[in-house]
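Everything on this sheet refers to the single structure shown next.
Should a chain be cited, it is by its letter among A, B and C, assigned in written order, with residues numbered from 1 in that chain.
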Amino acid sequence: MELILQSIINGLIQGGLYALFAVGLVMIFGVMGVVNFAHGELVMAGAYTIWYLHAQQGLGYLPTVVVAVVLVTLIGLLMERFLFRPTRNDPLAGLICSIGMLFILQVIATLIGGEGPSKQVPPVFQGTLVVFDFLRIPNQRIFALVISVAALVTLWYFLARTKLGWALRAVALDREASALQGININRISMIAIGVGAGMAGLAGALMAPLTNINPHMGHNVIITAFIVTIVGGVGSLSGAVLAAILYALFHTFMTVYFGGTIATISGLLLMVLVLIIKPTGIMGVRISE
Amino acid sequence: MPILEVKNVTKQFGGLTALDNISFHVDEGEIRGLIGPNGAGKSTMFKNIAGFYKPTSGDIHYQGQSISGRKPHQIAEMGIVRTFQETTLFQEMTVFENALVGCHTRARTDLFSAILGLDKQKQRQAADKVMEVLEFMGLSERRDQLASELPLGSQRALAISIALVSEPKLMLMDEPFAGMNPEETNHMMELTRKVRESGITIVLVEHDMKAVMGLCNYLTVLNFGQLLAQGTPEEVRSNDKVIEAYLGGAN
Amino acid sequence: MNMLIRSIVGLIILIVLLIVPHFLEFHHQDLLIFLTINVLVVASYRLVTLTGEWSLIHAVMMGVGGYTATLLFLNYELGMWFTLPTAGLLSAAVAALLCFPLLRMTQFYFLIGSFAAGEAIRLVWIQFLDPFGGTGGLSGVSPPMIGDIDFMDPIPYYYLALTVVSICLFLLYRIEKSRVGLTLHSVHWKAPLAESVGVDTWRYRALAFITGSFFVGIAGALKVHYIGTITPNQYGIGFMVFILIWVIVGGYNKFYGPIIGVIVLTMFDESIRGFDEIRPAIYGAVLILSILFLPLGLESIPGKLKAWFIGSEVVEPPLTDE
């Protein structure tokens, strides 16, 4: 019982982080039609920023989180301008460019941090919240949860309540029609990837004190993001959030009882299953082919 | 003896009823016109017959056999081939290669004979068939040109050639005259008649009334997914409902 | 005349291929063998892509062949004459099973689905120590001895690999140039049109996927018999990306494009050997630049030059259909 409750709590916190980066992937795919294979590397870049500026150079954690978000947003904007815009009519070309970018970001990380063992960032928020005597939640994780929920709520508000958010959703639904309506596609793409990359950077910054940091950490991130995106329904943001939480719970439990590898295998199989049975995902309507 | 029977076919897309309980039949050797204003459901009818869509309800019989629910390639194998409203060709292939794809079912080949070269004779027959059809459609001069380089009229002729090479019994032609000048139209009408004379039944969807009236012996009119009228060209031309539908559509 | 030129060119290539290992130092002989095997990898990948689907599972399929050969060799002491074809057949069989889920998807979904299926297979190798040996993989595979010839030496093994790969390439070429190849192309360019004249697109996509996996399975067996060890990470997404890079930089519209790609990039790779740390980034940059500035690959350069001199226009179709 205690183990189950503890796993639920851990899963929920994990789910918030998953949602942060999966939502970005979904937005970039929805608006620009490209699968950003370098999305995991954007998360990695966020984590590296924390490790380098905060853990190495001694900059405060909160300012560094802001720097990480800004930096990764910038990387995303550059990718849009120089990789995805020129290849806009050709989704495969965009995907391949993002693979090229993935290598470049990994090498930059290696150059900054060197090879060798994974890096650790010591927790900033010491202490642990104990509930009912047996549930132990480190404050660092509580912080990650609060921030990711806040970011997701802000994103929701932006998409649902602002004019720009409306334009963004319109482009995701039908790019040609939106262009005819006078929506500036370049601008919307910039916003989509800016927000998507920024959230990936934030996820990386929040994960930094909770995980091992190395140049290849993006691999697991992208696998998770794919699973979440497909299960949630390609192009459905709320689906992605829901799937992120469900998948995080699923993965946490599977890891507790069967180990990490089996957990990931079952996650992948789950995803293939969803692709077969309902390619539009649990919440999805197909918005772009 | 009807070659094609459409029985109470309904096709819905979400809330939209694109075809509403349509029934008609086509006799062997006809050139049947299937006409109606834009959005009437003509192409949808073709897609249902050719297996690209499955009717929401109703049944389609071909040579007395039910075919609804079968896959497009199975239906093609039985002898129904469809040409597309937008000119659809393999743009990156030559005229000859385009038509050769049409041989698929008639001169089947498999991986092993392809590797080992066991089916030389069959390949030669296929090539002969293709050349015969290209000759027939007046394309033999252009056999090595890329499809993308052809003028519109020849592209349409090639689309029909691909269909003809597969030796169909029933051909569904979706607006083969669209965008043609009068000269090209006359030429295409000539070709369509020749196809019919070679023993192939044709169902023709077309907005060019001159071509329809000139070619078809019998017309079926759709409007907003409903069967509006049927009859000879003269009857249809003087049918009030048809006139109204077309005038309404013109607004 | 044309025929004559062709035979002469062919003869020259043959002679070069036969004598080249004797002019190389040991390390380069090694590399030559990997290059030979990788030629088969890209050529078989091209067969898969002929129907227009870009899979991300080809590297894993090579691993399936490699593990098959390894297990047969280690457990039953079966020689290469048996492990090579069996590796191909088993890869093909796994591909055939995967067709049922994967070929229900197209384009983006197929890409992600094939990636997921490949990762799942790789994680199975990692998870099940018995028989796959986990992350550390398996070792102890060796090439055959025939009489006095020890195929452990690079030069004999090179000739062996060259023979196998040449036969496979010949078969792949025959398939592509046959009507089966034409049908595969037709499925790529306009699947509905192909269907309307009776092509079962599912079957042909399956055919390409299974046949491509067969040949890459053989490549996997060839590789493991030379290097002697196999690990799950040799066939991860990293290697898959290399396959993509070779194919795309070489140009995937012609049979020989990917082959040119793998040869040129392997030589390029050697020339940047001093920069080990940043090598992946250089590759990444090459990939991006070639997509942006040479989308049809190296293979298209002669045509472009010709067009530049003579002045005819080169049509550049996009990577994928709209």
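Definition applied: a residue touches a chain if its C-beta (ideal position, glycine included) is under 8 Å from a C-beta of that chain, and two chains touch if they have at least 3 such contacts.
On a predicted model such as this, the values are computed, not experimentally measured, just so you know.
Chemist: Are the chains other than chain C still all joined, and if not, how do they split up?
Modeler: A | B
Chemist: Looking at C-alpha means, what's the farthest chain from chain C?
Modeler: Chain centre farthest from chain C's centre: B.
Chemist: Going by CA means, which chain is nearest the middle of everything shown?
Modeler: So the chain sitting closest to the middle is C.
Chemist: By number of C-beta pairs in contact, which chain pair leads?
Modeler: A-C
Chemist: Where the CA atoms of chain B average out and where those of chain C average out, how many Å apart are those spots?
Modeler: 41
Chemist: From the mean C-alpha coordinate of chain A to that of chain C, what's the distance rounded to whole Å?
Modeler: So the centroids are 32 Å from each other.
Chemist: When the C-alpha atoms of chain A and chain B are each averaged to a single point, how far apart are the two points in Å?
Modeler: Inter-chain centre distance comes to 49 Å.
Chemist: Which residues, counting only chain C, touch chain A once they are in their complex?
Modeler: These residues of chain C touch chain A: 54, 101-102, 104-105, 107-109, 111-113, 115-117, 119-120, 123-124, 126-127, 237, 241, 244, 248, 277-278, 280-281, 283-288, 291-292, 295, 318-320, 322.
Chemist: Mind listing the chain A positions that touch chain C in their complex?
Modeler: Result: residues 35, 83, 86-87, 89-93, 95-97, 99-104, 106-108, 110-111, 115, 219, 223, 226-227, 230, 234, 259, 261-262, 264-265, 268-269, 271-272, 275-276, 279, 289 of chain A touch chain C.
Chemist: In the complex, go through chain B and note every residue touching chain C.
Modeler: Interface residues on the chain B side: 50, 52, 71-73, 76-77, 81-84, 88-93, 97, 100-105, 107, 109-111, 114-115, 117, 123, 126, 148, 162-163, 165-166.
Chemist: Which positions of chain C touch chain B when the two form their complex?
Modeler: Within the complex, chain C contacts chain B at residues 171, 174-175, 178-183, 185-186, 189-190, 192-201, 207, 211, 315, 317.
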